[in-house]
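Below you'll find a set of structures to go through.
Each of the next two complexes has chain A plus one other chain: chain B in the first, chain C in the second.
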Partner chain A sequence: MKKFDVIIIGSGVVGSSIAYHLSEYKEHEILLIDKDFPLSGTSGSTQAWVWVHTKVPSWYGELSLYSAELYPILEKKIGDVEYNRTGGIAPFFNEAEREKAYRLAEKQAEVGIDIKVLTKDEVLEMEPYLSSKIAGATFSKLDGTVNPFRLVELYVKAARKNGVKTSYYNRVLDIVKSGNGYQVKTERGTFLTTKLILAGGPWSKDLGELLGVHIPIKQVRGQIIITEPLQPFLKYTIGGIRQTVNGEVLIGYSKEEVGYDRRTTLDVIQQTAKMAIDFIPALAEANIVRTFAGIRVMPLDELPILGQIPGLPGAFIAAMHSGITLSPIVGTLMAELLTEGETSLDITRYSLSRF
Partner chain B sequence: MDKSTIVCRCEEINIDEIETAIKYGAETFDDIKRLTRCGMGPCQSKNCIGPVNEIIANNTGKQLKDLPLTRMRIPVKPIKMKVLVTDIENSSIASVLAESVDEDGDNR
Partner chain C sequence: MKTDVLVVGAGPAGIKAALTADRAGADVILIDESVFLGGQLRSQTQYFSNLPKNIDSGLGIEIYNELENQLNNSNITVFTNHTMVGSFKNGNIGVSNGEKVLEIQSKKNILAPGAQEEALIFPGWTLPGVMTAGAAQILVNREFVRPGNEAIMVGSNIFALEVALLLQQCGVSVKAIIEEQLNIQCKDTSKLGEIGNIPIFTSSRIKAARGRGKVEQVIIETPNGENELYVDLICVANGFRPILEPFEILNCEFTYKKGLGGWIPKYDNRFLTGNPNCYVAGNAAGITDLGPILLTGEIAAWNALGEIGLVSSIVVDKKIKNLWVELSRLEDEYVFKERLNLINNTSAIKY
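Moving on to the complex of A and B:
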């Protein structure tokens, strides 16, 4: 039976980042397994914002901030992932929300997240295509976007270069505690490992069940519209809307609990089109080329679940919403935890034991 | 055919790029699409699905009939955004800011 030091289940943005960061130590024999193929799940069906400024509570905002700060370095190491720190605008349409925006700015300032609360005129000067019906917006220079396809592909490439083995189209059928480690039974054979990381995103719940552990997450479907490539006209990432490097505009912020069903539905797509035009009236004339949907993982308290699985030595979990934003810091911290037994940032708040 | 022959005309993806994705481990059209952008353009793979599946079959030894098709989505061909909103009064899509500050007040 082939033996590894670490098996990571899930080769999405989180699992692939952990594999890459762990492989940098060159101390472990690592196997990265996925039931499908990288980008076939959540990480390949996202707008891929690297979004910081509205993330609350502020200590969660802080984690997102540190992760965003790692992107420029990551890009030097693994290659061009089209990280673009555009700055982020979260518009509001009702003057009553201004007070809340100030409160958010005040809270986030405590952890170093600089937010400006903008008047309507200020927003329209910065982003002229936004609707004149907006009342104002919060703005931060820290937000941006990345190309999720390039990101996951390059994490995997860099990990392989450092010796990580990958096994795709290989579903994990069972996990059995065995001596000091775990036996991972898959469609393509059984592997032994000392340490095990569950990074299955929305499928983490099923993986937890194999270990007899309840992972308190929901599956949430998000539907997104893609336009034809347009002239670059959006300078910033707008909460709910971004323009990609090649000109397409991605729009969507829907959330539905429909299990693993990732179909697109006309009703939500119509609502999303309405949102697009409410935010940016000129989009009424843009052609829609495609729609897509992804299943996001949402922990019950919406905060990342990260670290050791209580009661199961050698077993770890990394399950979170906003995996694109968080993957650089989560990969870094999990690699520290597995290699050195401790992390440079305190992650006890994110432990599974809080539930 | 030359390796530089364009297979996806919308995104200008050639045979060599598709074979590189297969070497990376891609097994289906959609795997290749996400790695190369093949099929992501205005025709939404109506032109390239056939030739790409042939290249997959040739490179992997799989039967063409066993290869899955791509996932088709709304719309079948490009339509203007405004066409979708003719009977919609208000959007029910949440706002990023409202979600951040509304849910549990300032203690989140």
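Moving on to the complex of A and C:
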């Protein structure tokens, strides 16, 4: 039976990032398993924002900030992931929300997140295609986007270069405690490992059940519209809307609990289109070329679940909603935890034991 | 918008299904994404004889004209230039002309989206001048454009030979037919006679196409070495595969059957898919010939009519039995066997 130091289950953005960061220590025999292939699940069906400024409470905003700050460094190591710090605009539609915006700016300033609260005129000057119905917006230079396909591919490529073994199209059937470690039974044989990381995204719940652990996450479907390529007209990443480098506009707001059903429905697509037109009236003229849906992870309190699984030595979890934003910092911290036994940032707030 | 039967796709299978349902008194909406009805049939000038009893042999376009004639004398509501773009949570189907989305509430849907041609990938396959045999046929018969002057045909199935003949008829010099397999795939010996002096290279394949901005030269690998031909048209007849998107939208189950064209929606002997409101007809139910295509449309329609309650189950059963007998008579033996194989494995679908 093949033996590893670490088995990571899930080769999405989170699992692949952990594999890469852990492989940088060159101390572990690592196996990365996926039931399908990288990007077949949540990481391949996202709008791929690296979004910081509205993340609350502020200590969660701070984690997102650190992660965004790691992106330029990450690119130097693994290659161009098309990280683009566009700046982010979160519009609000009535004056009552301005007060809330100021409170957000004040709170986030404490952790170093710089937010401007803009008047309607200021927003429209920055982003002229936004609807004149908006009352204002919060703005931060820290927000941006990334190409998720390049990101995950380059994580995996760099990890492999460092000796990480991968096993794709290989579903994990059972996990059994065995001596000091775990036996991972898969469709393609059984592997032994000392340490185990669950990074299955929305499927982490099922993986937890194999270990007899309840992972308190929901599966949330998000439906996304892609327009035809349009001339560049949106400069910033706007709540729910971004224009990609090749001109397509990605639009998505919906959240539905429908299990693993990844189809799109016309009801939600039509609502999404209407909302987009409320934000940017000119989009009414754009043709939709494609729609898709992804199943996202939503921890019950919406905050990441990170670290050791209580009561199961050697077993770890990394499950979060904003995997794209957080993958650089989560990979870094999990690699520290598994190698050195402690992390450079305190992650006890994110422990599974809080539930 | 409400209807008894919505038929998606107005090729021969869809039209036949719509006509069958209309004649039994059902309200029928027939949609097609093209501005034309008839799918590929209206571009086909080859002669079809292996047809159901009630249809006269003739050229593809003649058979289409007769179907169109029947459509014009029916109560079917036809929407051309309308694409099925999705389904609503309540199961209604959205169709759009790019301007507006119509929501159609139907008792039963018959999906007949047809098939698409398989491309063939080789160095130079994206050069202008490389096209599928079906595209060449459309250019000639619908657009009245000669797609090139000197051509080769890749593939030797009946469709490849028919299009090669068509090209010759309109003055294209067909320099070779290339077949990867050991033998010519077309089983119709009379067709082989017609192609006469076109050289056929079996156990051969395209190595590359070359040219500046368009095809100018093709290199073929034959058992006797490499051959360079100067051509400006490479037609590829690499077979067809069923179009699956509408079935994905409607949550049908899929299965792989090589003899039916690869991935196809699962269906039972009523042509009912994994979605209890959706029937499948035509090439989407397995790549086959015109005769069987028309029959599958009819079978799907009778079953839908029975389920809706417009026709008694005794009548439906009798009709279906006869149609299946006819299908077994008309359809290629191997394809029919694969179809039966699929149906026998599909009885387990739970509704």
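Everything below uses one rule, namely that the second predicted complex is superposed on the first by the 355 of 355 C-alpha atoms of A that agree within 3 Å, B and C clash if a C-alpha of one lies under 4 Å from a C-alpha of the other, contacts with A are read in each partner's own complex, and residues count from 1 in each chain.
The rule is simple: a residue touches a chain if its C-beta (ideal position, glycine included) is under 8 Å from a C-beta of that chain, and two chains touch if they have at least 3 such contacts.
In this text the structure is predicted, and so the values were computed from the model without any measurement.
S.K.: Go through the superposed model and pick first if A:337 touches only chain B, second if only chain C, both, or neither.
M.R.: Neither partner.
S.K.: When the two structures are overlaid on chain A, which partner does A:57 contact: first (chain B), second (chain C), both, or neither?
M.R.: Only chain B; A:57 stays clear of chain C.
S.K.: Answer with first, second, both or neither: which of chain B and chain C does A:264 touch in the superposed model?
M.R.: Once the two structures are laid over each other on A, A:264 reaches both partners.
S.K.: Hey, is it chain B or chain C that touches more of chain A?
M.R.: Higher number of touched chain A residues: B.
S.K.: In the overlay, answer first, second, both or neither for which of chain B and chain C A:315 touches.
M.R.: In the superposed model, A:315 contacts neither chain B nor chain C.
S.K.: Would you sort A:30 into first (chain B), second (chain C), both or neither based on which partner it touches?
M.R.: Touch status of A:30: no partner.
S.K.: Which partner does A:123 contact after superposing on A: first (chain B), second (chain C), both, neither?
M.R.: After superposing on A, A:123 lies clear of both chain B and chain C.
S.K.: Which positions of chain A sit in both the chain B and the chain C interface?
M.R.: Common interface on chain A, chain B vs chain C: 264, 266, 269-270, 287, 291.
S.K.: Could you list, by residue number, the parts of chain A that touch chain B in their complex?
M.R.: Touching chain B from chain A are residues 37, 39-40, 44, 51, 54-57, 90-93, 97, 100-101, 103-104, 107, 137-138, 149, 153, 157, 166, 168-169, 225, 227-228, 239-240, 252-255, 264, 266, 269-278, 283-292.
S.K.: Can you list the residues on chain B that touch chain A in the complex?
M.R.: For chain B paired with chain A, touching residues are 24-28, 30-31, 34-35, 37, 40-42, 44, 73-75, 78-82, 84-85, 87-88, 90-102, 106-108.
S.K.: Once bound in the complex, which stretches of chain A touch chain C?
M.R.: Residue positions touching the partner: 263-267, 269-270, 287, 291.
S.K.: Contact residues on chain C for chain A in the complex?
M.R.: Counting only chain C, the residues touching chain A are 85-89, 94, 98, 101, 103, 248-249, 251.
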